[in-house]
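Have a look at these structures, which come just after this line.
Each of the next two complexes has chain A plus one other chain: chain B in the first, chain C in the second.
What follows is the complex of A and B.
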């Protein structure tokens, strides 16, 4: 399908139209930050937002989600799988890459029906990023500055209008009824080309090596002293994993209601950075040291996920870098590993 | 037609257990009980030795427990040997015959018994490790002529903590199984070997090229047992063990059971030493 033009003046009509069939969520300004939440009109959100506190992953994989409901006084248990049909407006391309990874993880081996149910009810409207969002982001280095194939509709800001590229039937279904939308004209193509060619130079390359080197760099850095140094700084607060769009580890627990006769089993985001994550009965902890936990985190981001799923486990969104109180960041960590391998610290200064 | 329990995970949810019923409970030691569990009519567990199930008591939670009965003796049900270790296992210990119990699984790969046929088998369980190994041992004994020597070296902390003592005696009485027991600390009635499990290894000679060793026990035990087995000249690929990890899902999603890049619930918990010796987080 050819791209369409959606005038910005029609955004409000569009949101109202979508709301008749969907829950519409978008980045809403809140205390100087942006938070994805339900919106009723175009004035409530900002598609030019820098970044969101939590990634839109929360609509596919909520921080707390019921899995089962059961009775304790009878043999009765059933799966809880539901959720509203949702349009997520304004997903950054890094977050799209993260959802592509989650799609693959959740459908590999055993398919996670709870995730997939949300996924099948969600239409993803991504936006082209035109300038770096935060000091911590490094999407260009990670190759996530363009949307992956999984988008339903992709918007690019042309000034007074959005170019809208349709990626799926689900995306196409968002446009009928919006009278102000019109097909692309030649001048629109020229505008889009200009916007796209102007955007790339604005983004710095922040890794000092090509990202395809990352898995092998990590393989040879398993015993690096850097993990110990990070472990000494890390507070084990789990902020980095809580804000990460590619993290999906969870805990499962039961909750019983006040009558004690019924209850539910639910899952909740968990973190490999927390002390008890790998503790088993008898008290043995397989990842006691914070150094080992930081290493595990960065190996998942830069190697394990790539080996297992063919996609990077870090999409360069920079959220963890912004969230960490002791300034542990993926860019600094990966670059430092690279430097230690390529310019040994003991190298003596030349000349003199 | 019989449905494999695993089929129930396809729809509607991989997290939805099936109700089984406790048929029998047998106290084994002060800490362990043996549960005999039946699945609903028309459903079978279809497990391999070394696999585990997720056991649910609704309102308390779920725990991974190894299947300790052998597939060759399924008798319409299966058995779990459970140590009282916390909330779920504590409540499990209060169950009586007729109690409902949620089951998901079986999970994990199990031991590749096809590749063990024709070999001498050396089993080295420590403590509760006999539970998962009992499944494999009984299968080997039920197909006894397919295997060479069968040697069992079993260690527990004290005589009172030895599990399956009746079966150990029966295995010894067969005449075609070499059984050696040891306890870390004896008591007034104990006449056998005293010392950790490694003290049993010098008692047996093996043909390293034709022997498969399978050891299951607490994490601290593996390093010492491995030294003994490697010292006897067994190749890395002929030494098998089971790595227990925290597990919250059993289906490769929750991340708790990871050993470097491997998910113990998917690729394990049974591994050959060759598979894991280069992994920093394995042992």
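What follows is the complex of A and C.
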């Protein structure tokens, strides 16, 4: 399907139209930041937002989610798989790459029924980033500044209108009924090309080496002193992993009613940065030191995911860098590892 | 479970706000009254039984004369639960522990200072063994009910041992540090659903420290965000005095900020 033009003046009509068939969520301003939430009109959200506190991953993999209900007296178990049909408006391309990774992870081996059910009911409308979102972001270095194939509809801001590229039937289904939408004309193609060529120079390359070297850089950095230095500073607050679009660890727990006869099983996001994360039955904790946990986190982001799923575990969104109160960031960490390997004599402690 | 377990509530140095929250919990979950038999509860009834299996103790031990009644409760109860920050951590009563007690007494009681036998305030666990604690100033209603449920199931109640920031981020609050203020969240035990940051107030630590707090580096963060040495110390003192002084005594956690 050829790209379409959606005039910005029609955004409000579009949202109202979508709301007759879907829950519509988009980045809403909150205390100087943005948070994805349900919207009823175009005035409630901002598609030019820098970044969101939590990634839109939360619609596919909620922070807290019921898994099943049970009765202990009647030996009954019933899965809770539910959720509204949702359109997520304004997913940045880095977050799209993260969802591509989650799609693979959640469908591989034991497939995650809850994730897949949400995924099937969700239409992703991505949006092209035209300038860097935050000082912590480094998408260009990670190769995530263009959307991967998994989008349903992809928007690019042309000033007074959006160029809308259709990526799937689900995406195409969002447009009929919007009278103001029209097919691309030649002048639109020229406008889109200009916007796209102007955007790239605005983004800095922040890694001091090519990202394809990252997995091997980590392989040879397992015993680096840097992990100890990070471990000393780290507060083990888990903000870095809780805001990360590619993290997917969770904890499962049961809650019983006061009758003690029925209850539910639920899951909640968990984090490798927390003290108890690696505690196994019997009480042994195989990752007590914060240094070991930091190393684990960065290995997950820069190597393990690539080994297992062929995609990088860090998409360069910069959320963890913005959240960390002691300024531990992927860019500084990866660059420092690189420097220590390549100019060992000149190595300096990572700046704070 | 055959007979309903009998439970009793006791109070030492406290404001009784946690017991009021228990009243609130009972209104929220009236089923609770069918699961237990309350034999002593000053906030809600006048009869006083002293045959009980589970004792909830509110308040800190702040006088030598508190010790005997606290020990008597331990003798009788199969399970003792510390209820709220005063019982769990010594609470705000421990602020005085860093000052000269004679001066504190004169400040509070004026010319009657000599009448009172106060000493440094302590959590109940410093006097007797407690089986569980429900943190908070005041306690969280839902956590109270969760704890009772676990006790009824014969399981030890478990407190979350991760920091408040986890709950705060899962609720997608904008971090107070990004809103120009400070917060003790990274070193404080979660479980209140980050209620203070959710309403825009910094966490003051009423639930106590996480098991392995990185106090030293949080102090650097507080300094970087404009807190003076005195302000940082004051922040660490409101609810955390007893725990921090214990860490100091054990040789960890220098009370002075890193700079």
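Keep in mind that, in the parts below, the second predicted complex is superposed on the first by the 343 of 352 C-alpha atoms of A that agree within 3 Å, B and C clash if a C-alpha of one lies under 4 Å from a C-alpha of the other, contacts with A are read in each partner's own complex, and residues count from 1 in each chain.
Just so we're on the same page, contacts are C-beta pairs under 8 Å (C-beta built on N, C-alpha and C of every residue); 3 or more make two chains touch, one makes a residue touch a chain.
Fair warning: this is a prediction, and the values are worked out from it, not measured in the lab.
Looking at the shared chain after the overlay, A:195 reaches neither chain B nor chain C. By the touch criterion defined above, A:116 reaches neither chain B nor chain C.
Using the contact criterion defined above for the overlaid structures, shared-chain residue A:150 touches neither chain B nor chain C, since it reaches no partner. When the two complexes are overlaid on their common chain A, residue A:256 makes contact with chain B and with chain C alike.
In the superposed pair of complexes, A:72 makes contact with chain B only, with no contact to chain C. With both complexes placed on chain A, chain A has more residues touched by B than by the other of chain B and chain C. After overlaying the two complexes on the shared chain, residue contacts for A:33 are found with chain C alone; chain B is out of touch.
Of the two partner chains placed by superposition, only chain B is touched by A:303; chain C is not. Once chain A of one complex is fitted onto chain A of the other, the partner contacts of A:180 are absent, as it touches neither chain B nor chain C.
By the touch criterion defined above, A:172 reaches neither chain B nor chain C.
Shared interface residues of chain A, touching chain B in one complex and chain C in the other, are 256, 260.
Within the complex, the chain C residues that touch chain A are 29, 31-32, 35, 145, 149, 152-153, 161-163, 165-166, 169-175, 177-179, 185-187, 210-212, 214, 217-218, 220-221.
In the complex of the two chains, the chain A residues touching chain C come out as 30-33, 35, 53-54, 58, 63-64, 232-239, 242-243, 256, 258-260, 268-269, 271, 274-276, 290, 322-323, 325-326.
Listing the residues of chain B that touch chain A in their complex gives 9, 11-17, 19, 58-62, 83, 85-86, 89, 100, 102, 218-219, 244-246, 248-249, 251-256, 258-261, 266, 280-281.
Across the complex, chain B is touched by residues 67-68, 70-72, 75, 77-79, 81, 105-106, 108-114, 222, 248-254, 256, 260, 263, 265, 267, 270, 272, 277-282, 284, 286-287, 292, 296, 299, 303-304, 307-308 of chain A.
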